[in-house]
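We just call them A, B, C and D in the order they show up, numbering each chain from 1.
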Amino acid sequence: MKHHQEGPFDTSQDPPTFVGSPDVEVFRSYLRQHKSFDLKEKVMSEHEAVARFVSDGDYIGFELYGTVRCPMSIAREIVRQRKKHLKVLGQGILEVDLLLAAGLVDYMDITYVGYEVYGVSPILRRAVEQGKVRTADWSNGAIAWRLKAAAMGVPFIPIRSMLGSEMLKTNGAVAMTDPYTGLEVVLLPALVLDVGIIHVHRADPYGNAQIDGIQGFAAELARASKKLIISAEEIVDPEEIRKYPERTIIPYFLVDAVVHAPFGSHPGEMAYMYERDEPHLKMYLQKIRTEEGAQEYLEEYVYSTANHEEYIEKVGGWDRMKVLSKLAVKR
Amino acid sequence: MKHHQEGPFDTSQDPPTFVGSPDVEVFRSYLRQHKSFDLKEKVMSEHEAVARFVSDGDYIGFELYGTVRCPMSIAREIVRQRKKHLKVLGQGILEVDLLLAAGLVDYMDITYVGYEVYGVSPILRRAVEQGKVRTADWSNGAIAWRLKAAAMGVPFIPIRSMLGSEMLKTNGAVAMTDPYTGLEVVLLPALVLDVGIIHVHRADPYGNAQIDGIQGFAAELARASKKLIISAEEIVDPEEIRKYPERTIIPYFLVDAVVHAPFGSHPGEMAYMYERDEPHLKMYLQKIRTEEGAQEYLEEYVYSTANHEEYIEKVGGWDRMKVLSKLAVKR
Amino acid sequence: MKREYTPTELLICLAARLFEDRTTAFIGTGIPMLAAALARKLYTPNLVPIFEFGGVGSPLEYLPRAVGEARTFHRAIWAAGICEIMETSQRGLVEYGFLGAAQIDPYGNLNTTVIGSYDHPKVRLPGAGGGNDVGSLCWRTIILMKHEKHRFVERLDFLTTPGYLEGGDSREKAGLPKGSGPYRVVTNLAVLGFDEKTKRMKLLSLNPGVTVEQVIENTGFELIIPDQVEVNDPPTEEELRVLREEIDPEGFYLETVSGQALDFVTFHCRKSRKTATVAIQRDRTGRIVDVLACSATDQECEQECQEAILKGMFKDNP
Amino acid sequence: MKREYTPTELLICLAARLFEDRTTAFIGTGIPMLAAALARKLYTPNLVPIFEFGGVGSPLEYLPRAVGEARTFHRAIWAAGICEIMETSQRGLVEYGFLGAAQIDPYGNLNTTVIGSYDHPKVRLPGAGGGNDVGSLCWRTIILMKHEKHRFVERLDFLTTPGYLEGGDSREKAGLPKGSGPYRVVTNLAVLGFDEKTKRMKLLSLNPGVTVEQVIENTGFELIIPDQVEVNDPPTEEELRVLREEIDPEGFYLETVSGQALDFVTFHCRKSRKTATVAIQRDRTGRIVDVLACSATDQECEQECQEAILKGMFKDNP
């Protein structure tokens, strides 16, 4: 298997190293040293969470995708604090595009950045075509499975997609023959993130979190992250967690910061709670067609708003949020 | 790696084959041919479920373990119908010991058969020490992970336990060096079961199932089974499933039979619903000390009861069940 | 009577007719959603929609506009996660998948990554997304394409999603699941399949009014052209009615005259003396046709507002 | 005043004193449950119990009697599954694990599979269970053993769970997690550790009243005996009180005089003229000491029954 020179795979090392390390031994030691089992309150503002737990050069992963359950209030705060030279998992779309537009990203493990029915992302196009961002390409499943491998604490996971695809040349993953069946499989390297960022329906002050509806890859990303920021629509009493322990998707000891962010996914949606803000999205898509427009959008909705509250005011206030709630499809 | 002659690994084949096949290609074709996506009712008696979906020679796996959420009403029915030459996953304890005592088992992939604080299983001892049952040994994690590999549709899964253990000689699993980090890992072969049997808190008539409390390895076993029998404490309206789709642990299309079995785990427990029947267990443990006692137990509680209802009457009736409910620790 | 229909509507109907009942289909945003919904209504009532982010078995009472949104799992059987869904497919339980691409080659291999070189692309496309997994793991994929010479190419700029690779048994030899692969290519000109042995693309049937020559002209590689080529039925009246009236009545995807868009207005309510935000729907001319929700909670008030808003009275109501 | 205590109580107290606060410990049935509960009450209030079948962070208000039962996740933080828990450990988040065995060798390797040969065992033991995973994946394992010559052997009949394998760096070389391994062996005679370099077993401290010679006599291989060997404190009055009165007041594990067992009796209720099943608790003499639950639902009735049952009146109450 030849490896792409610009890819995440550095063959000058032995064994070769990836951007987004599969070294589960290093990860084990990190978690042992840094994760606390104390039941201590971790509720803080977006500002504090990003200032304390995101550093220049970090590899960041957002969950979920598109306009669904996106931790936008955290993404905007990262832009406000202009964290630089980031590596990002190219799965989130609104979040990733914000960081790309702000010029904060050096490297992406990308699976899909686009707006579904509204087409390709002009921000992604400019960033990649102008050579501002290095990329390696993966399938959607592969990205989630790489996180799953890290979550399992193993350096790789075998899969049956990505075989025969030229993506392997860009990302350096290797194939092997299964000793039991003789089947060919791709070995995906585990992906350990510096920072994972997840928006959930509810969390207690310690970080125990629950998610309604589809689970995306929240469980995997939470477990694959060295540092983990949770934003939540609602902060609940820990007894609510203890009453239904099978609903805990993210246990508190994985979590470093809990941010209370009602309508934190705006302009995206939150299942059973509020609809995505289609008019705002259309305006945004119109703006980002040009570099200037994208910068104008950032200026107006990110840089010139000091925090999530001011952002909500700017996009129409709590009245508009209330209407988005009413529009949501309920259980 | 040398392979144990009596183990599950047949090196005369190329590639070698396991008892409990890792061949995910065969599994794919089976599922395509046999699983239906029709929303059709599958509620039937223990008798019908076992008669239709368990055959002599099948490889059977029970979930969960010990005295917790065990599909005992199905296990007793398998004994009543004297299904022979079975291979079993040696994880369930009450279930597996019943089959062993009845002389129905030829082969076991065993991790643990014992009674925790009450000690080793005399039934297991007699069966193995008298050479009536072939075994291969695995760790508890390994058994669950082998099912997980099958559930993922891949022929193996890497793990970091079982390294350096002589169990590898009995079970034929091989180790390899990870190409990315140089770490040594064991490759567990996927385990595809002929029949999976799971007891749940509630299911709808199509087989959509929910479980309260710990999840054991129900999700993995359900997905790793060619045929799947679900027994449930309660049969619920499908709309209850559709209202909280994130709580579906087993989707209907995996399920072949749904058996309504209130107190189906007796003498074991069911979380939040009823306690295990300690006096019955102690009587059982006393009986099984001798071969004769074990046969007497089978005669009285299995062969001479025609079905689950008669068994419940025999062990103390619904009054006793009601008391066991009252004793249960609630949420 | 000649029925009017758009190229999109034709594609939807052709795709909808391909399913087998009692199977599952991976649904992507747009045409696949509409095709699956149409098939469920008319041809394969037991087709189970599966969305890559986790939704399985929703009756799709509300038309989704994104693959992860709440509508994809409204009253669903199961709301799972990405790994679960991909593994369900890896295990062989997903029969159909839809794919789109910027380029396709004679063996059904697809490019959704870059036009030009990977290192210095002329156009960076969105990427593989779930397409590679769908194309690798489903039993049968249905590829939806614009039939143009620069899209139907002998050699892809980048092979994102495997079809039959180099043809013959090369797909299976690469380790991809036995018996899986591209099933049909549905275009604005024709429906195409693949030769059983060589796995090269083969014309199967022409869309109404299209000639074999037109198909050849718009294909950048040599197609297998059988002696007999059938002609696809145009969308039936029933198909069009169900599509337009039941599946996408608001014209979110279909460019129907009734097409509507969500908008917000603020409205000063005289009763409560408060300014409320109101969600409305406009038709393509900008006219307000519906009032959906209001931030004021008083029901009676809402009705009064509703009438005023529908009359456009909010404009002079500061 | 000399305090009376059983060998089991001593083991529990010695184990409970080994934990570090703010960490997690894998809890098995029996002594580990009691040791963890005791440690939480007296020494490491933030120790998080984790059970291999899924329960994490229960305050353990009810003493569990099996590793998967409802009491292991009563008011827990998280009720997961086996894979989740083992993977949490594989990821390095579980600090302590308890292990027991039929045999142990100088490097802390354990046998829980067979005595004799694997093919024709003299004794088939229960098997590895979660022990192998715990011993492989936790950072530090605490091994609880009866100290007998035929259990402390130079060569195991079967190596089920790895300790330090052949000593030195052989554990790490086999691929097991760096820095992990057996931490202490707690026996009825002593507490033992492992030499930092050679990883051979080393005597650390003696239980009250035990001599170095007794330990050597009961060990089937050469132990490292340091010049200075300390003596373990016997269970303190507080430890014993908490254990007996708060953790296992019913004597399920501890052989206390107050030991109780669940039983069922049937009782003819005069009021309802129905036969009810009643759960009672007997002490070690067979005397009924508590009435726990009755299949009759009437509260007043229950109270009346309760008194009658406690007096043993149900016997002549057909």
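By definition in this document, a contact is a pair of C-beta atoms (placed from the backbone, for glycine too) under 8 Å apart; a residue touches a chain by one contact, two chains touch by 3 or more.
Fair warning: this is a prediction, and the values are worked out from it, not measured in the lab.
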Both chain C and chain D are touched by which chains?
-> A, B
Chain pair with more C-beta contacts, A-C versus A-D = A-C
Inter-chain centre distance, chain A versus chain D - centres from mean C-alpha coordinates, in Å | 41
How many Å are there between the centre of chain B and the centre of chain D, using C-alpha atoms for each centre?
-> 26
Between chain A and chain B, what is the gap in Å from one C-alpha centre to the other?
-> 37
Would you pick out the residues of chain C that each touch at least 2 other chains?
-> 55, 73, 79-80, 83, 90, 137, 177
Note: chain B residues in touch with at least two other chains are 24-25, 153-154, 159-160, 183, 185, 213-215, 243, 245-246
Which word fits how the chains touch one another: line, ring, star, complete or other?
-> other
Just spell out which pairs of chains touch, all of them.
-> A-B, A-C, A-D, B-C, B-D
Interfacial residue positions of chain A with respect to chain B in the complex = 14-16, 18, 22-25, 153-160, 174, 176, 178-183, 185, 187, 189-190, 211-215, 243-246, 331
Where on chain D is chain A touching in the complex?
-> 22-24, 46-48, 55-57, 73, 75-80, 83, 87-93, 95, 137, 139, 177-179
Taking the complex as given, what residues does chain B use to touch chain C?
-> 24-25, 27-29, 31-32, 35-39, 150-154, 208, 223, 239, 241-243, 245-246, 248, 251-253
As the complex stands, chain A meets chain C at residues 4, 6, 64-69, 90, 110-114, 116-117, 120-121, 124-125, 128-129, 131, 137-142, 144-145, 148, 159-167, 169-170, 175, 183-185, 213-220, 269, 271-272, 276, 278-279, 282, 316-317, 319-320, 322-324, 326-329
Contacts from chain C onto chain A in the complex sit at residues 29-30, 51-55, 62, 65-74, 79-84, 86, 90, 113, 118-133, 135-137, 158-162, 165, 170-171, 174-177, 253, 261-264, 266, 275-279, 292-295
